[in-house]
Amino acid sequence: MAGEDSPPACQYFNLTYPLPFVAHVEINRPQKLNAFTEAVWRELPRLFSYLSTSPSTRAIILSGAGPKAFTTGLDVQSFSEHSILNPSSQSPQFDPARTAQQMRRHVDEFQNAITSIEKCEKPVIAVLHGWCLGLGIDISVCADVRICAKDTRFAVKEVDIGLAADIGTLSRLPKVVGNGSWIKDVCLSARQFGAEEAESVGFVSWVGSHGGKDEVIQEALRWAELVVSKSPVAVQGTKEILNWSWNRSVEDGLKYTSVWNSAALQTNDVMEATKAGMQKRKPIFAKL
Amino acid sequence: MAGEDSPPACQYFNLTYPLPFVAHVEINRPQKLNAFTEAVWRELPRLFSYLSTSPSTRAIILSGAGPKAFTTGLDVQSFSEHSILNPSSQSPQFDPARTAQQMRRHVDEFQNAITSIEKCEKPVIAVLHGWCLGLGIDISVCADVRICAKDTRFAVKEVDIGLAADIGTLSRLPKVVGNGSWIKDVCLSARQFGAEEAESVGFVSWVGSHGGKDEVIQEALRWAELVVSKSPVAVQGTKEILNWSWNRSVEDGLKYTSVWNSAALQTNDVMEATKAGMQKRKPIFAKL
Amino acid sequence: MAGEDSPPACQYFNLTYPLPFVAHVEINRPQKLNAFTEAVWRELPRLFSYLSTSPSTRAIILSGAGPKAFTTGLDVQSFSEHSILNPSSQSPQFDPARTAQQMRRHVDEFQNAITSIEKCEKPVIAVLHGWCLGLGIDISVCADVRICAKDTRFAVKEVDIGLAADIGTLSRLPKVVGNGSWIKDVCLSARQFGAEEAESVGFVSWVGSHGGKDEVIQEALRWAELVVSKSPVAVQGTKEILNWSWNRSVEDGLKYTSVWNSAALQTNDVMEATKAGMQKRKPIFAKL
Amino acid sequence: MAGEDSPPACQYFNLTYPLPFVAHVEINRPQKLNAFTEAVWRELPRLFSYLSTSPSTRAIILSGAGPKAFTTGLDVQSFSEHSILNPSSQSPQFDPARTAQQMRRHVDEFQNAITSIEKCEKPVIAVLHGWCLGLGIDISVCADVRICAKDTRFAVKEVDIGLAADIGTLSRLPKVVGNGSWIKDVCLSARQFGAEEAESVGFVSWVGSHGGKDEVIQEALRWAELVVSKSPVAVQGTKEILNWSWNRSVEDGLKYTSVWNSAALQTNDVMEATKAGMQKRKPIFAKL
Amino acid sequence: MAGEDSPPACQYFNLTYPLPFVAHVEINRPQKLNAFTEAVWRELPRLFSYLSTSPSTRAIILSGAGPKAFTTGLDVQSFSEHSILNPSSQSPQFDPARTAQQMRRHVDEFQNAITSIEKCEKPVIAVLHGWCLGLGIDISVCADVRICAKDTRFAVKEVDIGLAADIGTLSRLPKVVGNGSWIKDVCLSARQFGAEEAESVGFVSWVGSHGGKDEVIQEALRWAELVVSKSPVAVQGTKEILNWSWNRSVEDGLKYTSVWNSAALQTNDVMEATKAGMQKRKPIFAKL
Amino acid sequence: MAGEDSPPACQYFNLTYPLPFVAHVEINRPQKLNAFTEAVWRELPRLFSYLSTSPSTRAIILSGAGPKAFTTGLDVQSFSEHSILNPSSQSPQFDPARTAQQMRRHVDEFQNAITSIEKCEKPVIAVLHGWCLGLGIDISVCADVRICAKDTRFAVKEVDIGLAADIGTLSRLPKVVGNGSWIKDVCLSARQFGAEEAESVGFVSWVGSHGGKDEVIQEALRWAELVVSKSPVAVQGTKEILNWSWNRSVEDGLKYTSVWNSAALQTNDVMEATKAGMQKRKPIFAKL
């Protein structure tokens, strides 16, 4: 399954390679502000599984098509028509426990689809602009790096439609932002916040200086170009070890690192990187 | 036990409802700078257990009475007279192990009293001003959101009286502030710090622009008013899932979320919130 | 073994006591920019084990000798000659599994050497200046507090030589900095960053205002002087409880605190600190 | 609160002291086969909190009154009348999420009541006989030691009334019995099993040789008499450390043990036990 | 995706329904003693995902076709031809780190395939007979209940072919058998053991009295018939809560139980089970 | 440090090689029933660290010299003279917190010494006979496999001298024996038990049929001979993965296994084992 040659056909995502080894994934439903129906999120795991093992891909840029939004989140119309969320609770057959089972299966599948971004072996940099609401937050906290345009407007929107964010925001936000008071504030109030605030609390690590998306894409390309010039063994190992350690104690992190590196340190890339450094040339690494 | 009608009588806390569904709890021992004796903290869990299940309460503001202090922490005089901390270690019957058992029971009860703020199902916003020392830090890290007046002076004061902070600061501060160097600094040195520093490291998420407590209370009221306008099912679920996930791996957080939401998503509030949004009116949610 | 009188002889580290109870450890290989060979890191655990239980030591300043660097990390020349990293993989006897076993043992020992800084019972403040690369980051995240000169240049350098940082950076950085996007950025790209950026994300908690190392050493001395004036029972308990709680749930942190303090609260230091406070004199604490 | 003199008045439990320091708690609703209504389980935590800190109590025997049953579990009649489990789901106001909140609060309180047996600082030996069904299993897995009469009939009965055992059996049974296949068998099928089977899988550690309860009470008294002759510091520390370690890694268990014992080893009981051993007399230990 | 009507086509597994709601899955490669090639295990997750949500399935019997073996494990011939395990390590391009990456992906997929049995929402009872070697152990520890014929011969065979069991035996065996000395013995020595020994240590919970497979199938049918007569809400909740709690602390188990049951207790099955009990008839439960 | 040629000189332990690759470690203080003074346990970690990486060692037998005891545990006389346990608590300088610090350091070192058996990379089989008391239990639960003579008498003896077992029994016993009721019984009562009982609860996995030690040594030799005939890569990986997984969730166990095996599966031993199997000869494995 690893290393398959052609990407899966996607209706709602564009996949291009603006630079060697740099994949650009674009959420492509701009006329609906890149809102997600079920058909949209079901495409995600196939796409990111492909990229995870594709030897031609060493870094991924994730952005939204069109000038207005990364994504406004769940497609409200599609959502309100969703049968699961409209249980005919007055019918005699209605059983909250059976409905709960359906819900759980549905949420589990939805979560798994988004988690495929986090599980992707290659670094993912999210380029945010315009609206980044609800599911947009769930998605971007799965990326490794988040940068945004000056005009981006964020909100952990879910309480506004009567629910707790369930596709990952509440589990991942406390891992990536070290400001508990701010996290509780924005998750409980659903209030909007802008790029400057997002940067000051560490939700994004870079903000564009003008208004639009283009300069952020350029910054992402610069970053990705730098990353793909490094040993893919080193880069992918770094992502994996960080993701593992994040959730665990220092002791467990150290042990995992030493076991992981017991194989990784045997790579030819160490020799190649060292030699290239001494010879002041760019190293060339085998595919991975 | 859920939904009892009348709050417990408290000697050291005022309870008012400045807005519908918004409870205001005031530590009320201003002549002693709101310092805590054992009698004070023993009232806390009864009060917050009541609020936790009171259907008339959807958000809680916690502040200190008087102009000078949120609280200066443990009442030193009361503390130094406390028999447990004055073991007559030269008596022939003195047994450090038996004394330790007494200490442990005492600290456990004290911790449980303060933890009742964290366990309260409703969001708690702490309004800090003046002195916020020692136990004041233990208490405020149990709140969900922390905001403060410009004149607030903080210190993790405990090492100054010969002990390690034992009522929660050392366990919770690293969860709510993402600056390990600063945490170790202030906990090991007991040095004071002000509102600006507290904001820059993320200990508080908002600081007043003038000196006093009033504008912070106003800000808290604005925030609470916003929060109580949302679905209580969504708000309380968000608090609970965040608290659970904070301490656990992403995987365990995601699973808990999907199980929690399997019941919560069946709420009528989703429909009401969606309808109200389309009808551009304020939604009305049943009590919880 | 506790309380031994004379420190171990070290070739690569200076140990001085600029103030009573304040030890100053200096990495002393300035002509090589304090780069680490295996001989260097093998001295570390003996030194820090000694300091951990030395009653004359209550705080430790860790810095690099010379004007140019805290440390540039692993000594590249020494590293590239290291037989473990040059397996003659084309020999018929070559066995990646056996090589992995050697690697694992080596990395485990290296990790343990650096971890001795974290395990040291006394607070450690790292004074960073000039180059702080690769292993310099692994070392400084083991310290309790990090402060730096204005001219410090940092990089999580490891991917540049084809490997994932394996001596602790990837396990500890997410615990001490609350900005996931930035952590992934610097670890995946190996890009340099300066003192201002280090402070803004919380990697260091203080930056000097001029360029050099001296003012940072002065600041460290002021901090250490303050810390050693406190009860050593309180200070060392605070470090231990923070380190334990950092990795665990709030519940486990609280329980450990109450068990720890059941003995610690019986110290005479509480009485001495309280009395000294009332008598407005400096308290005097017994050795520990 | 520790060490209060008189036990709480209980309607459904007898408390006697058949031997010095040995408390005997009897579930006392024999005409209903000791089935539990809400009024019954609400008495439990007050009783076991008292015993936990009562200096006159060093071991507890827990058994059921009458010849027929330890307990048949939840009182079915009382249970089926319980409003929470009969939501009028066809009413227009019915909201599964709000009902879930009520359920959760109710189950949490019920769990806490039973957990008070596990949290009791003194060893608890459960004497089982006759019927031991449903809640009887939840209760007995909270005890430290389980012994039973030859005629005891057990069942993890809950699936028979349409629910998963929620008061602790499913969380604790895998910790106390090392036979996963058997656990899944009896929990999924609700089938009955007898004393011999209970002993062979390790659910109980002793079975009487005749039919009745009396010989098991005698065995429990022999065991309790032995235990209360030991140092209470040692016995209570052993229970606490075992309960902590059971749920955690070996590393965390070892650390907790060393911190706990740093106070406990200072007890006078070590000297007294050692001296008494050399003098071939019974040691006398101070109260705890 | 839930509740799809027709099972996936399988080449290596038979699926029949010997009783209503009871699925029988048979590993069907008897001429090769049910040994597993990659093609075989790749069918497993599709089959068990289907069964997991199929409303017509409430319990699953898993056995091996033919008289000789449950399975002899990995197909040795297929395995030794597998390119991944035959790295041409003498080629100049050979890179142990890149090979490791391929291995990891392969093992992860293999593990996930087998884990689908554990994740299946319906109880699985494994019927073992004849040879049950290597992968046969990995598979059977994923089942909920294990029973076996008198003639069954077991071995944790992997060390005999130079590797540590990597598809789950080493992670799951310590959870289902409470005899550490025996586990280490059989895993380190790869020695065979029989049915009687398997029963005495708790690896299986029932052994047939004659030699063959048929009586074990009959026992499994009796067990499954009993289980499918119970509320599927109760049965599936019991499996899920046990699986969750097994891996976690009692506290986390209790909390998960109360959240899970907050929805599950609202099922109509409680009423139906209670009524049927009083009316002495078999309850009828809606599909799930 | 790995692979050093000569073992450390030991006063209290004999080291012999009765078979190729099989080390026999004998506790050698028979005139004192192999009781442990501090001088004894301080030799342990050096010995087991040596064996852990010695290429000539693939399995270790651990037994006690003389006919009477594996070990009676701590040397009582030595213990009662130990200054740490005799704090002159009536002296004015006495400080329970400082004494606790000394205790903790001492217990930590003692625990680490015993843990070296568990951490040893090679399998350890403990041969128990005669008295196996107190520390004898702490030591034997660190071994991988435990077998014993028919005349062995065991006791978790510590409460008899006024303390909770602190060198590992309370942390490890619940991991290796799946009978919670029995564990609490023997740990709380300090009662003796014999070989038959030890086998029936799974504390040992084999008991000799006559009275003495010799047949157990013979059985251990047979077992060790079998184990050292296997691939050392496979055997040592199996021990390591089991030890890791024991303490963690199934998910974490599976992941660690796949990372570990990504290097281990590249061993030449797989090919050698497979070839030897087909050629019906004994495989020959390179040293490790």
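Letters A, B, C, D, E and F name the chains as they come in the text, with residue numbers starting at 1 for each one.
The working rule: a residue touches a chain if its C-beta (ideal position, glycine included) is under 8 Å from a C-beta of that chain, and two chains touch if they have at least 3 such contacts.
Remember, predicted model here, so these are calculated numbers, not experimental data.
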item: Set of chains adjacent to subunit E and to subunit F; value: A, B, C, D
item: Homomeric contact subunit B-subunit D: same or different residue positions, threshold half; value: same
item: A-E compared against C-E, more contacting pairs; value: A-E
item: Superposition rotation for subunit D onto subunit E, Cα-based, multiple of 5°; value: 120
item: Centre-of-Cα separation between subunit B and subunit A, whole angstrom; value: 33
item: Euclidean distance of C-alpha centroids - subunit B vs subunit F, Å; value: 47
item: Sequence positions of subunit D contacting 2 or more other chains; value: 89, 96, 99-101, 175, 177-179, 202, 233, 246, 248, 251, 259-260, 262-267, 269
item: Subunit F residues touching subunit D - in the complex, by the definition given at the top; value: 76, 80, 84-87, 89, 96, 99-101, 103-104, 107-108, 111, 115, 118, 158-166, 168, 170-172, 174-175, 177-185, 187-191, 201-202, 246-248
item: Footprint of subunit D on subunit C - complex, ascending; value: 244, 252, 255-256, 259-260, 262-263, 266
item: Interfacial residue positions of subunit B with respect to subunit D in the complex; value: 1-2, 53, 93, 95-98, 100-102, 105-106, 109, 233, 236, 263-269, 286, 288
item: In the complex, subunit C residues that touch subunit E; value: 89-90, 92, 94, 96, 99-100, 251
item: Residue ranges of subunit F in contact with subunit E within the complex; value: 123, 144-147, 175-179, 202-205, 223, 226-227, 230-231, 233-235, 237-239, 241-242, 245-246, 249-251, 253-254, 257-267, 269-274, 277
